[in-house]
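You will see subunit A twice below: alongside subunit B first, and alongside subunit C after that.
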Partner chain A sequence: MKVTFPHMGNLYIPLRTFFENLGAEVVVPPLSSKRTLEIGCKYSPEFACLPLKVTLGNFIEALEMGADTIVMAGGVGPCRFGYYAEVQREILKDLGYDFDMIVLEPPQGHFWDLIKKFKYITNKKSFKEIYLAGKLAWKKIILLDRLEKMVNRIRAVELEKGKTDKAYKKALNLISNARDEQELAFARQQIEKEISSIKKAKERNLLKVGLVGEIYTLLEPFVNFNIEKQLGELGVLVERSIYISQWVRENLLPSFMKSKEPEVLAKLAEPYIPCFVGGHGRESVAQIVSYAKQGFDGVIHLLPLTCMPEIVAKSVLPMVSKIHSIPVMTLVLDEHSAETGLRTRLEAFIDLIRERKEEEEFGVLSWD
Partner chain B sequence: MRIGVPRALFYYMYYPFWKIFFEALGHEVILSSPTNKKILKDGLEFAVDDACLPVKVFHGHIVDLLDRVDVLFIPRIISIEPGEFICPKFLGLPDMVKSSIPDLPPIIDSNLSVYKNRKDLIGHAKSIGTDLGHSSRLILKAYTIASTKFNSYKKFQISHEQLPLDSGQKSFFDSNSSYFSRHKNKCLGENTLNVLLLGHPYNIYDNYISMNLITKLQKNGIKVITPEIIPVKNISAGAKNLKKRLFWTMGKNIIGSTYYYMDCGKALDGIIHLASFGCGPDSIVGELLERKLSRNRLVPFLRINIDEHSGEEGFNTRLEAFIDVIEGRRRN
Partner chain C sequence: MECYLGIDVGSVSTNFALIDKHGKMLKKLYLRTAGRPIETIKSGLKMLKEDLKDDIEIKGVGTTGSGRKLASVIVGADVVKNEITAHAVASISEIPTVQTILEIGGQDSKIIILRDGIVVDFAMNTVCAAGTGSFLDRQAQRLGIPIELFGEIAIRSKNPTRIAGRCAVFAESDMIHKQQLGYKVEDILKGLCQALVRNYLANVAKGKEINPPVVFQGGVAANSGIKRAFEEELGMEIIVPEHFDVMGALGAALLAKKAMSQNKQKQTNFYGFEAAFKEHRAESFECNGCPNLCEIVQIYVDNKLIARWGDRCGRWSENVAV
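This part shows the complex of A and B:
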């Protein structure tokens, strides 16, 4: 059995660890690329949302490399994601691929089902083995989240251009290659040392921008044109609102292991969107309010074209932005989005918030 | 009080219930005009850019009601079948309207959710009634009248194959209701062509949006069958063929009806799917539908995507070509 799964940012690192530690052969699809997108779009329904198309491309590329078992997450609605696997399976079948598709449905009290599926994939490993493999994978997830946060903080102020990304690449390799918890702990020390040794410029008026929106477009640098890196290069400190750990918590872990934090956060969205609207629509709004309260200078809202929960969010943003006086820019992404267009809009937005910040700061002193 | 009910989205499913309920509470129900050019224009102007056409049209209906009502009725419809949803946009509908249209009258945005239990419809009625300041006794009474009549109307709709299609200014419910109380059986021509028309009720029954699709088909002597007149148990039986339960009620109705007809071998001459441009559920459901149908190739299939730019001429041409095909097949 050759197991594969879709890409979403660095998620492949813990997933590979998990399945390999359980003795499965893993085919990691090539990182999402133009080709992935092209094949994905070619065979997907035209009006499907972007993540369906790109992940379909991942599957095809993995099947071409010999994978025969696709592991995909499911869901119970109301968003499309919960039915992705069903459509993708039909498309791949019609294309003539021979494969098995295992859909991990969110464990609403059926955590045991999930374990059973893992047992099947990994040739009946014991619960303990699954637990141990899961534990290491989870630790990697936590470290990856930490790493991404550190990198975003430092990239904006590095003295020597490109230093942070070099360290980041190296760190990903270290995490990826760690075979047990000891090695991972060692990797962590090394990474922290390396990153803290990057020389920083003293920046007094550093701009802070939050990133919110649909989870896949936030986490997958290929579809968002590596927006975090781009902003960092523009000298902006970026904070992303969602990390892989959160996705795993929401989609794969049993409910007693979920953190309470999202519920508390959702309260912030109450005046605008008081109920769950699917996906992270309500959370996007809540995060914007939270960023405004933390004194961020602006927020960028990302969503794929036709994304339902985020369209609901988008419709209330003008009000949120006004009431909390925080500039918000929405970027709608699809297969036709171009990097140059995105760069121009980013630069314009950064200019705008920079001016605004300077006005705020010097405005008080001017007496003309 | 004058309560404004937009003639859009859930109107085609729940209007009879709400109308009876509000009237039993002593209110006047004001319906927006049938969709027209101005409504569409207002919808496009006020709704958020990326919304689908039906949601935009809904915004237009709200604008149409603004000066004529004391309160607006925009329920938050979460679920109308246990374990199922409608669509994320229905979940956020009152929020979208509130932030997109200025100077709104008070809004009743009670939740309607039977996600856990079919009986929770009473909770919906209670919260509307309380918002309007009525006593629980009166609310309960109005609810009993409304739900009894609504349920028998639904049954009537299926047994007499009454499509919820408005005629002129008159609501489908008002024009059907005298008929409804007489309970006469409608005679069906035996040698007609049968076409299964699939799509969200607010697309297929909105004469403006659907460019009179149903009337056009009927004028050609075609009998139009829609999920609304197919017995629920048949739809459920059809939907059981899916590997995984479909969690959108309207999507389930579409797929369930198709599978039911395909599997029971009932004589269908054609299937039409009227989908909204940019509709999330339609993109998934339409794909499953097309794949299933193209594997069997038993029934001619026409898929029409509508958006605000759809022209009637091209639409008619495609429709006529389709009718030619199914008529030709019948003759052979």
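This part shows the complex of A and C:
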């Protein structure tokens, strides 16, 4: 059995660790590229959203490399994601591929079902073995999230251009290669040493921008044109609203193990969206309110074209932006998006919030 | 005399604005890019040089537009700015109280919302170029009317025809159909103006609060038919500034002036008008390093590689200081 899974940012690192430690052979698809997008689009329904197309491309590339078992997440609620696996299975079957597809549905009450599926994938390993493999993968997730947060803070103020990204690449390798918790702890020390050695410029009026929106477009740098890096290069401190650890907590853990944080956050969206609308629609709105309260200078909202939950969120954004006095820009991404257009909008948005901040602080107009 | 130069390299036109140290326009140029930005930038420099007296000293240069990066390596720019900011800056300099900017250029259109002299919101057209300059150009050509007369003729109409303006291709077939039914040219042109304005307000300006003063700029602002249609649809006076056609370039020049005045010691990066006589060459190749197959562009000046871009990973661009 050769297991594969779709890409979403750095998720492949803990997933590979998890399945390999359970004795499964893993085929990591090549990182999403233009080729992935092209084959994905070719075989997907035109009006499906971008995540379906790119992940289908991942599967085809992995099957070409000899994978025979696809692990895919399922979902519930109004977002179409819950139906991806079924659609992709049918498309791949029509294309003549021979494979097994295991769909991990969120365990709301079906936690044992999830464990049973893991047992199947891993050739009936014991609960303890699954637990141990899961623990290392989970620690990697935590460290990856920490790393991404550090990088987003430092990139904006690095003195030597590109230094942070070099350290980031190296760190990903270290985390990826760590075979046990001891090695991971060592990797963590090394990473922290390296990152803290990057020379920083002193910046008093650093701009802070929050990123919210649909999870896949937020986490996958290939589809969002590496927006975190681009913003960092423009001298902006970036904070993303969703990290993999949160997603795993909310979707793969049974309800008694979940944190209460998301519920508290969702309350912030109540005046605008009082109920669950699927995906992260309500959370996007809540996060914008939260960022405004934390004194962020602006928020960028990302979604793939035709994403229903985020379209619902978008419809209330003008009001949220006005009431909480925070500029919000929505960027819609699909296979036709061009980097030049995105860059122009990013630069203009950064100019907008910079002018606004200067005026608030000094009370002067700086044009002219 | 101390001067500042702004260059706006757009898809359809490449514009130059030369201003003095008080921000007054000394000379402007509106040239067709015609798909050859490097040549156009160079011929613009030559034309400026020939026109100007010798006592001109360029103290700073700004570039903007979709070709801003290219222009900056060819002339040596001090400021490289996106076109939204550049347009806003220029508009504020002409009408300080402006609250809304409607900008329609060759292939894109934007709306910029300002309050108290600051940009607070903006939007650009995303998927369709219906209603921009290129589309109007083409329709005028098809009807055999010089583009300069488009507006004048449209304004004469008493009974504008309704034309479907959502999509450039369908608008065209709708127009042909109306022509074949025997509608007058002026009624069709006015109908087209109204359709474009409707399309702009529904797509680019959707959800935005349009408050006066409203400034209309970009190449299409030369078309009095579109201006009239905006006035009728919005029920407001629409101001077309004096230098409406080169506002991006003007904004870039003003930004260069600001940047240089903030740092008095700084010398301009401008290569001088001699840049127009150097040999520039752009080459591109496909990188086979990964499946992204990025197209890398290399710019040579007198056979020396000076800039490289187009790669996602930085493998090529990092090795050349831009």
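As a convention for this text, the second predicted complex is superposed on the first by the 363 of 368 C-alpha atoms of A that agree within 3 Å, B and C clash if a C-alpha of one lies under 4 Å from a C-alpha of the other, contacts with A are read in each partner's own complex, and residues count from 1 in each chain.
Methods note: contacts are C-beta pairs under 8 Å (C-beta built on N, C-alpha and C of every residue); 3 or more make two chains touch, one makes a residue touch a chain.
Predicted model, so just to flag it, every value in this text is computed and none were measured.
Participant: Clash or fit: subunit B against subunit C, after overlaying the two structures on subunit A?
Facilitator: fit
Participant: According to the stated criteria, A:P318 is in contact with first (subunit B), second (subunit C), both, or neither; which is it?
Facilitator: Both subunit B and subunit C are touched by A:P318.
Participant: First (subunit B), second (subunit C), both or neither: which does A:K34 touch?
Facilitator: A:K34 sits against subunit C, while subunit B stays out of touch.
Participant: Look at A:N123 in the shared chain and tell me whether it touches subunit B only, subunit C only, both, or neither; answer first, second, both or neither.
Facilitator: Neither partner.
Participant: Give the angle at the C-alpha centre of subunit A formed by the C-alpha centres of subunit B and subunit C in the superposed arrangement, rounded to the nearest 10 degrees.
Facilitator: 80
Participant: Which touches a greater number of subunit A residues, subunit B or subunit C?
Facilitator: Comparing subunit B with subunit C, the partner touching more subunit A residues is B.
Participant: By the touch definition at the top of the document, which applies to A:S196: first (subunit B), second (subunit C), both, or neither?
Facilitator: After superposition on chain A, A:S196 lies in contact with neither partner.
Participant: Identify the partner contact of A:V76: answer first if only subunit B is touched, second if only subunit C is, both if each is, neither if none is.
Facilitator: In the superposition, A:V76 contacts subunit B only.
Participant: Can A:V332 be said to touch subunit B (first), subunit C (second), both, or neither?
Facilitator: Touch partners of A:V332: subunit B and subunit C.
Participant: A:N205 contacts which: subunit B (first), subunit C (second), both, neither?
Facilitator: Neither subunit B nor subunit C is touched by A:N205.
Participant: Regarding the shared-chain residue A:R345, is it in contact with subunit B (first), subunit C (second), both, or neither?
Facilitator: second
Participant: Please give the least Cα distance, whole angstrom, that subunit B and subunit C reach in the superposed model.
Facilitator: 6
Participant: Output the subunit A positions appearing in both contact lists, the one against subunit B and the one against subunit C.
Facilitator: 318, 332
Participant: So in the complex, which bits of subunit A are touching subunit B?
Facilitator: Going by the criterion above, the answer is residues 45-49, 74, 76-80, 82-83, 85-87, 89-91, 94, 103, 272-279, 281, 305-309, 311-316, 318-319, 332.
Participant: Can you tell me which positions in subunit C touch subunit A when the two form their complex?
Facilitator: Residues of subunit C touching subunit A: 23, 66, 81-85, 89, 92-93, 116-122, 124, 126-127, 207, 254, 258, 290-293, 312, 314, 318.
Participant: Of all residues in subunit B, which touch subunit A in the complex?
Facilitator: 47-48, 50-52, 76, 78, 83-89, 91-92, 95-96, 98-100, 111, 242-244, 246-248, 277-284, 286-288, 291, 295, 305
Participant: What part of subunit A is in contact with subunit C in the complex they form?
Facilitator: So the residues of subunit A touching subunit C come out as 30-31, 33-36, 162, 165, 226, 318, 327, 332, 336, 340-341, 343-345, 347-349, 351-352, 355-356, 359, 365-368.
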